């Protein structure tokens, strides 16, 4: 209320209109981004709560904290919520929604109503999933493997499958909006070679969303149809092939990993340039690597199925292709590192997340080589090694990128600064807690502990205790930002338009921006990350 | 809290000395897998440390305080090519190395002894050719190639023995296979590695590797006949012998010597008569019809358990190598419910023909 | 609007062509051409869809970006079909282990 | 925004001009259709794999469907595509009456298609060819003679695919009905002009896409092996 009556405050997208209706019926991409931020955070903490339950159960070898069925439901809901309702929408729907139109110099996304519809679809899908969760749960694992999901599970498979199906359209709408916006709404002078890498990454992500998501939608629809209508597409009793489900499922769900990591890579490119005051090293390679990852990412899905009973020869083809997709990721890591060279490096919180991201993503990526290696994958697949690997990519990579981006753009989004020392502390906690949680899982995985085990042989206990201890630290690292971000909304220092002195169109407008972002359409005459020019003008100002 | 303490005191301390960081190595495959693993661990260390050191050195050397003004560097094609081509080369080496191991582990060597496995929620059933049947424990001899022929009665399971570094999913509706040669006697973990429902983590067991002599003794003690003889009983019980006679007069193909041969199908294709084919021909007889026969056999889907199926398969296989009695002609064919004579001269071999001769000559094309 | 206005004559001729191709695909299906039945059916369906896409949907007169998106859609569909088929087609090839086992039983 | 001129009225705030707005709408629609390709693509993938694996069962099941209705329906849908194209044409020329007329024709033809589809579904139901516990596939001697390896279980997979593919296609048509009705009402109110008819165009694209899906479903489901 206090802020509302301040007469001097400039009109911005936050105070342009008041009331619940002005939020729920908004077509402003920035307000929708905030709606997403709230709902994604909500799902993150639900998913995180399940993660804590998993870690507590695994503290002891015996299945003593909860029943086996409960445990199965807990890890399933952890996976379903984190993958479909947190990781996939996190960066695109929050940061992407907020920034893509501003970065292209537009007043909004191409289809604002569809953007709002996508949030409603997300909420309906999420609501259905939560309903399924409260009302009996789901125990198939987030992978919905048939015939367990179609025939043997007596939990809410259909409800959750339809929830994820609906959520899929939310993702499609977001992706569609991004592609059209980046193609058609760019400001004059903003050529493809001048696009910030954040946009390249989101473009690649959107391509995957548009091409991949429909396949998982139809696949889950088939699972629901098999349960509800007794259609028998995957039914082994009729001669149906359970592996067909896996093919269709992974056709989306492998590229979905890139939906999670590519936007984070985009964030990192923005951050690393800003805090080393430099143009990104090898712009073209980093940009094309995003597209390369998106395209090749569609050719590798069956590496999830090397022991599943697919043909030996197909396995070799997919293993080969999987190695090709490793290359663009490696290129990115090298280029980010090289960007530091001869920079003028600052250690603000977002940069700490950059360092964390590069380190953890390197380990995550390298362990991916283990899993693409046919002969070795046979041993480590379906063990905690895989669990550790994909958490290094998704938590160590995607969430690090998300948090880094959130800290970087928080002043722009809210117009407030967060307390820097608390933020640094929690970045450190996240890094330490993360490694303590997931590094032991590599070891216990190679020892042979299968994933999704409610009870396990006692010799794996020490490593599991370490992991649980790390998870507690990690949880604190995640709760801190939640608290100080909320605190900053009211008590944080007012943020200037460009607190980091960063390049990019979003920093040329006030914090928070006005409803239509730009008073007049900007004309872009510079390359992305023109920190040389920025440094010069800054010097001139100081001198003047 | 007190629970944790209790556990630490009881279980934790008890197992503290037994705190492995590396799984036991008990098969011929394990060494190959571990070599690749160590190579990759070293590679990961080299790259991660290089990147981490690179970041640390650059971040300290070019920190704002020391380098107040950045110097712009555009990029370098030479560098880009270097860090594209070198990783590509390294990954290709890994690919070929790993593919070679995979090829090794997916092709059972000649002379492997066979053990049948049936996975069901939530137990492993093993059936040895000698007739021993066991649940959740698998006895195998040391130093001998063992090929597991596996199927599932319900959902997907996965046969995983960490000490052997091998794993294969077990699917409903078909047979999958995995092989190993144990190199160390002992008891090893057997896990189900594919999530299969409530008691997934209870679907565990042990692989007991025994000296060959001990194994021989174990295998022969207290069985009521071999797996094939169990299958023979089932063969009689389900009336298979009515049609599948050991001569040319049956309404169904003569099964003697069938296993492993090329079979000419009604639609002109040929295929190798393996376990999956035999199983399918019992479950869905119409799916693949041997040339010269009619689609008259009823389906046994839902009537035969996977364990009986395994025995039947073992019996049909044994028919080929003279280790089982050929099916005795039981009933008078005229009592049969189904049409009597094959519509063409049966093209299956007569029982006394040489085993090694293919039942049908391979078509010249394939 | 800068849209190209297509003459109704073109619409009607495309419509007639579609009807003819429907008749053609049906009558060819009645003749036994072995594997060519499927090939002919697919070719005709492709021609028909192309006619609809180019003329009814105005893609012939659309910006290049539209064409590229459509082609990429079909390209990724082909990837889905093609790469899944590599598994299904080559699965029986691996059946050779049975032969190895058989040779062994003969040796014994 | 409150300007009375139509052309300005329909320009949304975040576009520079009508050309940008129209091109954006058309591009967005095409991208949506690309997602539809992949959506049906999953089904086509399942179809292809099972058809290759179980050709005889698929061919036998396919030949029990009455091809006559499928052929008629193909023709009906092609007609409706023509009327839809003509509707877009009329909108571009600003002929309101013709526009409404062609849209109504399109809906009627779509209704005929669904009616015939319903009759076919009813026949399947009568023949016990609807997958589920009542499913029953009798291998007639004629079929058995023509196709070597018919497995009734696998014909059930065919019919599962048949129902899900045609069912989803029909669902798309029902959605199309809603869109057409909306267009009819809007065009009767005179919302469209030669300067602004992109909704008609977008619905047209959607309708033609639905037609293309059927162009594939017809040979794939009805004509697997029809020769004697």
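For clarity, chains are labelled A, B, C and D in written order, and residue numbers in each chain start from 1.
Here, contacts are C-beta pairs under 8 Å (C-beta built on N, C-alpha and C of every residue); 3 or more make two chains touch, one makes a residue touch a chain.
Since the model is a prediction, treat every value here as computed from it, not as a measurement.
Trainee: Does A-C or A-D have more contacting C-beta pairs?
Mentor: Of A-C and A-D, it is A-D that has more C-beta pairs in contact.
Trainee: Taking the mean of all protein CA atoms as the centre, name the chain whose own CA mean is closest to it.
Mentor: So the chain sitting closest to the middle is A.
Trainee: On a C-alpha centroid basis, what's the spacing between chain A and chain B, in Å?
Mentor: 37
Trainee: Could you say which residues in chain A touch two or more other chains, in rising order?
Mentor: 183, 211, 215, 237, 239, 243-244, 247, 251, 312
Trainee: Touching two or more other chains, which residues of chain B qualify?
Mentor: Correct list: 106, 284, 287, 301.
Trainee: Please list all residues of chain D that touch 2 or more other chains.
Mentor: 23, 27, 31, 34, 37-38, 41-42, 45, 49, 53-54, 151, 153-154, in rising order.
Trainee: Spell out the residues on chain A that touch chain D in their complex, using ranges where they run on.
Mentor: So the residues of chain A in touch with chain D come to 101, 106-112, 114, 172, 176-177, 179-180, 183-185, 210-215, 217-219, 221-222, 225, 229-233, 235, 237-241, 244, 247-248, 251, 516, 521.
Trainee: Looking at the complex, which residues from chain D come into contact with chain B?
Mentor: Where chain D meets chain B, its residues are 54, 56-57, 139, 144, 148-154.
Trainee: Mind pulling up the chain D residues that touch chain A in the complex?
Mentor: Touching chain A from chain D are residues 12-14, 16, 20, 23-24, 27-28, 31-32, 34-43, 45-46, 49-50, 53-54, 131-133, 151, 153-154, 156-157, 160-161, 163-164.
Trainee: Report the residues of chain A in contact with chain B in the complex, numbered from low to high.
Mentor: Those in contact with chain B are residues 59-61, 63-64, 68-69, 72, 139-141, 143, 145, 147-148, 151-153, 236-237, 239, 242-243, 276-279, 281-285, 306-309, 312, 315-316, 319-320, 323-324, 326-327, 330-331, 333-335, 337-338, 340-347, 355, 358-359, 362-363, 366-367, 369-370, 372-379, 381-383, 443, 446-448, 450-459, 461-462, 465, 531-532, 535.
Trainee: Quick one: in the complex, what on chain C touches chain A?
Mentor: 65, 72-73, 76, 79-80, 83-84, 86-91, 93-94
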